[in-house]
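These are the structures in question, set out in turn.
In the two assemblies presented below, chain A is common to both, partnered first by chain B and then by chain C.
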Partner chain A sequence: MKQNDVILQSVTRVAVVIILTFSFYLFMNGHHHPGGGFIGGLSTAAAIVLLYLSFGIDKVRENIRMDFKKLAAIGVLIAIGTGMTSVIFGKPFLTQAFDYFNLPIFGKTELASALIFDTGVALAVIGTAVNIILSISEDR
Partner chain B sequence: MNNLLIAPVVLPLIIGMVLIIFHTNIKLQRVLSLIALLATSAVSVLLINQIHQQGIQTLQLGGWEAPYGISFVGDMFSALLLLATSIVAVCCLIYAFTTMGRKQQKLYFYPLFLFLVTGVNGSFLTGDLFNLYVFFELFLVSSYVLITFGGEKRQLRESLKYIFTNIISSAFFLMGVAYLYSITGTLNLADLSLKIAEVGQDGLITTVAFLFLIVFALKAGLLLFFWLPGSYSVPPTAIAAIFAALLTKVGIYAIFRMFTLIFYHEPQITHWFIGILAALTMILGGLGAIGFWDLKKILTYNVVISVGFIVAGLVSLTSAGITGSIYYLIHDMIIKALIFLIGGTVIHLTGTSDLKEISGLIRRHPGLGWMFFLAALSMVGIPPLSGFLGKVFITRGTFEGGYFWLGAIGLVASLFILYSMMKLFMNAFWGEMKLSEEEELGTTKGLILPIVLLTVVSLALGIGAEGIACYVTQAAEELLNPSLYIQAVFD
Partner chain C sequence: MNTIYLFIFLPFIFACIVPFLYKHLNRQVHTGWFVLVVPLSILIYLLRFIPAVSSGETFEYTFSWIPSFGIHITSYVDGLGLLFGLLISGVGALVILYSIFYMSKVREALHNFYIYLLMFMGAMLGLVFSDHMLAFYGFWELTSVSSFLLISYWYERKSSRQGAMKSMLITVFGGFGLLAGFIMLMMMADTYSIRELIANMEVIQGHSLFIPAMLCILLGAFTKSAQFPFSIWLPDAMEAPTPVSSYLHSATMVKAGIYLVARMTPVFGGSPVWFWLVSGVGIITLLYGSLTALRQTDLKPLLAYSTISQLGLIMSLLGIGSLAVYFGPGESGTVFTVATFAALFHLFNHSTFKGSLFMVVGIIDHETGRRDIRYLGGLMHVMPITFTIALVGGLSMAGLPPFNGFLSKEMFFAAVLDVSKAGVFGLNSIGTLFPIIAWVASILTFVYCMIFVFKTFGGKYHPERLNRKVHEAPIGMLIAPMVLGLLVLLIFFFPNVLGKYILTPALSAVLPMMTVSSYDLKISAWHGVNYELLMTIGVILLGGLLYMAKKRWLPAARKFPQNLTLNHFFNEGLSGAERWSASLTNRYMTGSLRHYLLYIFVFFVLLLMGSLLWFYGLRFDFSNNAMISVFDAGLVICMIISALTVLLAGNRIVAIVALGALGYMVSMFFVIFRAPDLALTQMVVETVTTVLFLLCFYHLPKLKKSMERLSFKWTNLFISIAVGLTVTVLGLSANGHKLFEPITSFFENSYKLAGAKNIVNAILVDFRGFDTMLEISVLTIAGLGVYVLIRQRSKRGKEHEAE
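Showing the complex of A and B:
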């Protein structure tokens, strides 16, 4: 019997956008307030898993052509990479740098290398979380 | 600040991550993982030199000063263990090249192997209790996967026990960390040591010390070794060898660190109790080693005996005892990897691990047989082989510390080792040749190199003991003077 999941699919279409926006907010907010790469990545993963649940693995795989295992590895590499940059400059491993810049639209903005580190964390979390769900679903 | 300290953790981690991306290219995996481990060995040699000349090295991660940030601390004890770890890992990796199936090698074997080494190295280097927990989890999670490699029925059964045991002990670990944090308000090992020295080690802290003892005893196989013979005898040889050589040793390292740096104020309670555990471990392990007729079982019970023996040196808390423990710990890492690889090769040749069915291997494989004989003698502690100095110093230490019974049991345990190893040698290598060349299931081609390497290292350790004496003495001195460690972290 074919399941009728029109409601789920319609809700998902809207909800995924909201979840992704919120997770981006969480991600950016994490620099000075609660949030950050880990939780931002986790909620992004939640959005992706929701897509998998409502549209089926094959359909989503057609549209998001990405190996999540590799995504996780790349995330960790980015995170370690920012740590290693500080080693090149002769500072302790993982030392972060930040400075204020005058950007055209945003005005005076703080740019921090922690953001790149956090991006790595987020990618690693997304990769791992989605991968866990996919592995469970592929049970033979 | 010394950024070299992070290299043994970061190198295998980066290479492991890169290998996840290229997991189908076996040749690249082999080359890169070998390079990563060789580089780690080189770094640990550099570290040993630096520590020897400039004292304990530290690194405050991210530039956050201790006790607020995470410190990495390399003292001589850690550095020596790092070097031994790298040597063992390189040899097991070379052994895995030929013994692991191609399909398994593509299934992320090399990345997991490297993550295991990352976790072990990190545990040796970190100066933060919670960070220690994280590195423990890192190598445990890798070992969970590695132990099931091959997916045989008994592997899955044993790995289930292994995982349950370790999850429970990790939960206790976390509880201990929480207790200690609520009592002292810090998790930096050096700061913990300071705070506990200030307020004194009262009953509550001693209880927490026992909680940590349970956790690390479970990981090290100190009396709580019920999971060990099963789970160390199921994985493929290369993996079993690195488990036997490294994983219990990390537990022992943690016991040493905690009970020389933090909980050293009430040795008549804690260390005496550890002594009883060590004695029981040696006796029970010895009984297991002489009782079984299964090659893998005998070898795993020998792992258990040596755990008890190494810890006996800690119990004495004398410089002779600790020196002996460090000697014996390094020797044991090398030698356990060696005999597991030889045992695995024997099984590879004959297809059985039942000693009664194996016979006369030395006629066709004299090299293998004599290397096993050397390893056996070295485990028993025949001079001038590598186990000798460790045994002498540990026994002297226990006698000096007044633990005559413990030293005596240690010596009796040596006899157990001698009996079990000679039983193995005489049954498997002597006697009538049962298998002709054609009947053997495999060849030793490609398997001998890592075995020879380890034998050479073990011989060098024994004959060149004088050469490393200054390093080992320094390590023992640093362990017995927590103030050196604390000073290094806070300066």
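Showing the complex of A and C:
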């Protein structure tokens, strides 16, 4: 990657925040509007890749100390874990539940176990996408 | 959820904790002490079932796993399952206790060992308590896998790896047979439940698939239980640590085949093919095993062959017992029911004495560092307690009183004498072979038992042949075999306690249609002077003589030519098959990516176009189509231009960018057709893949105008046009067919069913959550695969540079 790329780096600084916010919005929004774990996860991965492109791998790695392989594995485990939870409650594997709660600030809110499952999906997607791109780009 | 699931899955759950226990506590406490809790608690839990089960009750628990496919995990506790469950947990507890002293906590990778062992224990428990055939099959293969892992536990040794490979090949081969048999049974009776199979046996017995299903299931049973000629894997499995040999390869896993045959007896018993195969193969295995055991000089293979022969004995008893189904309730039926009873009795006895004998071998190996009887001798004075245990086990195996082996051996002789007089299935002509083979094999058994006990413990002690100072084993190692030895004695004196509470309920599970009074099932040591007793006396006399004269004939027997053994044929066959399949595979796996793409596309076209033309015919129906707007037309033109750019670009980066543009164009189409989820996904995927492409770009060779033959290019053109045509025709004709009810009506209820307004997301995470879960698993595995491949390559590259 190029070392001296002022415009790209300045834009990235702002853009990454926007992309991350948007991808979080996409992720949380998925239950009722377009979005969800896969898209949210992939756009987060895109933001991270943008960081790598503009600042270089070493610098980003210093700041995001995360093993993306483990992140992917944790995602899959979360997804399987939600499936197993329904087994413990005596329901078939991967039965999802939802209900409405009155939360302090948000008012009446729907909480669904599908969101936890979706978190697993998102983490697996982020982990895998970044992991693949990193390993290919490191192979020099 | 019933507690029984907790206990069946307890080994698996505990296996997850073992690594942490090993990591943090192994310095202070041997990991085995923690693991010991598992079989002990299962044993206590199962013991609580005995009163209810012995009074004829059975328990059934159903837990629906994937209800939409009708896959339920049904646990069924009856006498037969309980007998095996007690063996698995009881012998398991003793073996783990023994392993605590056998496996050094300093040198060995104990966490691996105990995880594999627990995995096996859970699989075996699941196997004997499953009623669902597919669950049964799953657990069956899991026992093969854990056995493979345990045999290759010392994987630095070549012989361990080879033995593990061989056992895996043979047992999994049989496992496929079992699966095929189960599927055929399912097709016949339209159920996956073994109990419902037994209830529907009339349907099955009249069906044309009856014999093929039987053969397939017997293949599974014979490979697992090491019956002739599949027995060759068991001696090689002796490369495993001795606790494993004692547990898997004598007491439990190899009896899974016996369990299967016993379970299936109500379905298949009564057919002549079943009788001849089970009893015939069993009795041949009995003879083969005892003959080959004689030739061994290493103690562990000697015991392995003796296990093979004893399994053959049990198998033949089960075959003889299946005649009870043929005769039905009545006098002759009762006679053969007793044979089945004897099979179960000997199964239990064999687990006790063979388990203790394996542990004795382990002690000898551990203390002297040798297992070869040519180097051993006179250990009686150094290891008196071990000698006593070996004597008890050995004499019980030889069938002498006052040990439990005597009782079941007498019942075996009675059964073979009965079958020679049965007069059905053509037994009139060759039925007398049964008692003769049984008697000869028993003599041989007697001789190798004597060799086992007295060549190691009797004779002169040669300390100079052993490279360490020999002393008695630590008390902890002796407890487990002592308990088993004590059982051997106790069962001889009180056989009917075992018979009444454990064996009779198991018998009624094997032969549910027989009503046998407890009088017929009374085991007694003294029947008066009859044929059986005379046969036993003959065995002792002749066997004693043979043992005395062993110097004359044993060396000759050991010189059996190696290239006539089954092992030799197996090895030859295996390497031949490998060569053949390699030459076949190399013919089309050329290593050229273009060839592979060619296969894929040709197959794609042939399959899709072929089935389209063959089954449905071409039918286009444009009446429901929407009008084509200016946007659509413009987008299509842009797409064509960018696709042509990809093809014709002289520069790779232009091609990649054009490809990205094509993808964005497709996502624009999704926008026009109001599929925002798809449009978003497509857009993000396109972005990430373009980056990926640009990264790979670095590694690709320079694009150059290829100088290939023109004809080759013509084929490419033809195939690519065919692929495009197929996809277009498929897409167009999909509109003209309505083969199935649309499923949209179900998904439209997503807000009510899943509380989600976004149908796409509700499908992804809820309705088809199983698919998504597997998809992300595959994605993660693929990501790890990429990482490992690249890491391996760059590592290798560095090594090259270093050289």
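The rule is short, and it goes like this: the second predicted complex is superposed on the first by the 136 of 140 C-alpha atoms of A that agree within 3 Å, B and C clash if a C-alpha of one lies under 4 Å from a C-alpha of the other, contacts with A are read in each partner's own complex, and residues count from 1 in each chain.
To be clear about the criterion, a contact is a pair of C-beta atoms (placed from the backbone, for glycine too) under 8 Å apart; a residue touches a chain by one contact, two chains touch by 3 or more.
Just so it is clear, the structure is predicted and the values come from calculations on it, not from any experiment.
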| message | Just checking: does A:84 make contact with chain B only, chain C only, both, or neither of them? Give me first, second, both or neither. | response | first
| query | In the superposed arrangement, does A:121 touch chain B (first), chain C (second), both or neither? | reply | second
| Is A:34 in contact with chain B, with chain C, with both, or with neither (first, second, both, neither)? | second
| First (chain B), second (chain C), both or neither touched by A:73 | both
| query | Touching A:131, do we find chain B (first), chain C (second), both, or neither? | reply | second
| request: Between chain B and chain C, point out the one touching more chain A residues. | output: C
| request: Considering only touches as defined above, state whether A:96 meets chain B (first), chain C (second), both or neither. | output: both
| said: Need the overlap of the two footprints on chain A, from chain B and from chain C, as residue ranges. | reply: 69, 72-73, 76, 80, 83, 87, 90, 92-94, 96
| task | Name, in rising order, each residue of chain B that touches chain A in their complex. | result | 1, 3, 6, 10, 13-14, 17-18, 20-21, 59-63
| task | Name, in rising order, each residue of chain A that touches chain C in their complex. | result | 26, 30-39, 42-43, 45-46, 49, 53, 69, 72-73, 75-76, 79-80, 83, 87-88, 90, 92-94, 96, 98-99, 110, 112, 114, 117-118, 120-121, 124-125, 127-129, 131-133, 135-139
| field | Touch list for chain C against partner chain A, complex | value | 1, 64-67, 676-677, 680-681, 684-685, 687-688, 691-692, 695-696, 699, 754-758, 760-762, 764-766, 769-770, 772-773, 776-777, 779-780, 782-784, 786-787, 790-791, 793-794
| Complex contact set, residues of chain A against chain B | 69-70, 72-74, 76-77, 80, 83-84, 87, 90-96
